[in-house]
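Below, each structure is written out as structure tokens.
In the two assemblies presented below, subunit A is common to both, partnered first by subunit B and then by subunit C.
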Partner chain A sequence: MKVLTLNFLTCAVKACKTTSTSFPLHPKDCELVSDTIAPNPQLLLNVLPRIDWNALIITAGELGFPTLPPTPPTREELESNEKMMTELHTLLLETQISEGSLVCGNCGHEYKIKEGIANFLLPNHLV
Partner chain B sequence: MSSELDTAPEKYEEQHVHEVYEQIASHFSSTRYKPWPIVEAFLQSVSPGSIGIDVGCGNGKYLTVNRDVFIVGSDRSSNLVKIASQHQPHTAVVADTLSLPHRAGRFDFAISIAVIHHLSTPERRREAIKAILECLKDDGKALIYVWALEQKNSRRGWDEGHEQDVMVPWVMKSGKKNPNEDGSTEKTFQRYYHLYRSGELADDIVAIGGEMIEFGYEKDNWWAVCRRSTKSREG
Partner chain C sequence: MSRPEDTLPPDLHYNDAEARKYTTSSRIQNIQASMTNRALELLDLSSPSMILDIGCGSGLSGEILSSIDPSAGGPHIWVGMDISPSMLDVALQRDVEGDLMLADMGQGVPFRAGSFDAAISISAIQWLCNAESSEVSSTGRLSRFFNGLYASLKRGGRAVCQFYPKNDLQRTMISGAAIKAGFGAGILEDDPGTKNAKLYLVLTVGGSAEEGTGGDITGVVKGMEDVDVLDARKKHREKGRREIKKGSKAWILNKKEQMERKGKVVKNSSKYTGRKRHITF
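Entry: the complex of A and B
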């Protein structure tokens, strides 16, 4: 489970999906690993405006990453700042939660992550 | 079929779809590597940086078609998701099509290829399309593929007038080391499919408030490109 993915997922429980407290999901007891992925600056630049920056600040903080700036860099700022580009590439695409869980801030349900794969299947009483 | 469907549809699908794919995952995946042309063209048509979903991504063969986009795939089968998650930089998660964890209104595009026909009631098939369209942004588009009833020239030979709810065998070599009781080395799994008749996919899309953009028939399948309706996009 990549950090970038967490920016686009929420609780699978229908009643939670529309609430603001269910997003982002909160990592709990997570082990992180870093994959080596070939940088794709164009992808990062184009994905940037689609990121929910406030949610990313929360996720990065909860995973113990250095505090992100309060507003996202502009395309030009990111393009000209190699260090920031590398840091974002590492945070968003290379960092994986390998083990742990993701907790919904609304209903408290925990989604397990095993071997890097998150399982969002719900128990019967939550479907 | 209808008597079997007296059991809860989710239980029926668990037995006749999910458990089968879980068991045939590796063999199934080895036969699924070539992207279908219309799916490939759709994926290449989205703008760079687009964020997409692949609902029922299977082994993830579509995740890597366009390297300028990021896709969050999902599938019911954890064995298939394990294979799909090897396609960097994308992600695949285990999820049910009717309880997707993808955040509503955040995605530029969606694909769901050969998936919805595994749902065993009309209500559940429509609910799935609705769930997929809800993930899309106002201007987002979805490509949906389902198996067609009208395929008289195919190996299966079904055509108009045939029963639409069918069991389709998947034959897997079990290997000489694990022969069946009668000594044979093949194992046959039966998967449930709903075969879509002409116009049915469009009816389902419109019924849940979606808007058709394009549709067609390709190699025994009906496909449609659709989006959320103007009304729901404004609301």
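Entry: the complex of A and C
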């Protein structure tokens, strides 16, 4: 699972939908793999405004990545700065979680990740 | 023709053998590919986007999403949801590029608001009409799914869901649930009246700023050739506006029809109905 996807995922439990602590999900005991993906600057520019930067900083910290700048780069900055573009590409798209689990900050539900596939099936009483 | 929906829930129906059969059959591959291309045409994406694939299965449709040429606005990045572990296993073996998740669409779409540019679903959402246990209902599953999907799409985003309804009831149930969630919804039917008719539920979120592209399905198909638009809303509006003069023959016939529908005994209509009586003296 890509770090970009993790930036969009929230807890699926109904009671957690209204609380702010259910996002982002916190990775726990994660094994990371790096997968080479052809760089796609246009895609990054498209998703940049939708990335929750604060959540990304938290996730990157928890996964043990070097600290990110406190504010997101603007479209123009990212367009002109090729180094930042490749770094973001490596972090968001090429870094993938293969094993481990995601924990909701509100209810503490653990979503297992196996072979890169997260299990978001819930028992009926939580839906 | 037998429907897999009638036999078993999706996570059990698509077991290892069935998943392999589904993915290796060249006939299914061809049909899936043509439906995915048609759905992409309806989505009309001009630049690389973030797409949600609902019921991605073994990634047959996702493969097409990630292989689109840069000149045609691709390649897109996608996240796939499916309930069948065996299907996802096949997808892993095929080494697809998108992210996969084991999730039940009837339990909602676990993404934060405005995550995706578009959503695509090929032959999946008719499964929502089945409730597998007494704790869930099909209407509940449908509304949870469409509410979640509505929230996770960005404003001006679109979703195209190709589906196989069992009958007209399921068709209206699905489109009704989508409208209730707030979507602008419409159904596009390819090859209507034939055995291989394909239904696409085209959903739009909010009106987009560009003229002619937002609103609903009539904006989506504008400019496409060979598409007949049957707008039931307009017909209804026109019918309401046409005034019938009180006391006229048409008015009387209309009233008689109303009464008959209520189950009242109504005299037969003839050429004399609504005529004035002659003055006899």
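We adopt the following convention: the second predicted complex is superposed on the first by the 125 of 127 C-alpha atoms of A that agree within 3 Å, B and C clash if a C-alpha of one lies under 4 Å from a C-alpha of the other, contacts with A are read in each partner's own complex, and residues count from 1 in each chain.
What we mean here is this: a contact is a pair of C-beta atoms (placed from the backbone, for glycine too) under 8 Å apart; a residue touches a chain by one contact, two chains touch by 3 or more.
Worth saying up front: this structure is predicted, and the values here are computed from it rather than measured.
Applying the stated clash criterion after superposition on subunit A shows that subunit B and subunit C collide. Of the two partner chains placed around the shared chain by superposition, subunit B and subunit C are both touched by A:9. By the document's definition of touching, neither partner reaches A:91: not subunit B, not subunit C.
Shared-chain residue A:121: touches subunit B and subunit C both. In the superposed model, A:18 makes contact with subunit B only, not with subunit C. In the superposition on chain A, no contact is made by A:56 with either subunit B or subunit C. Of the residues of subunit A, those at positions 1-2, 4-5, 8-12, 14, 23, 37, 40, 42-43, 46-47, 50, 52, 93, 115-122, 127 touch subunit B in one of the two structures and subunit C in the other.
Contacts from subunit C toward subunit A in the complex involve residues 47-50, 70, 75-77, 79, 81, 83, 88, 92, 97, 99-104, 107-108, 110-112, 114-117, 133, 135-136, 144, 152, 154.
Across the complex, subunit B is touched by residues 1-2, 4-5, 8-14, 17-18, 23, 35, 37, 40, 42-43, 45-50, 52, 93, 111, 115-122, 127 of subunit A.
Taken together, the subunit B residues at the contact with subunit A in this complex read 10, 47-51, 67-70, 72, 74, 76, 78, 81-82, 85, 88-89, 91-96, 98-104, 106-108. Interface of subunit A with subunit C (complex): residues 1-2, 4-5, 8-12, 14, 23, 37-38, 40, 42-43, 46-47, 50, 52, 93, 115-122, 124, 127.
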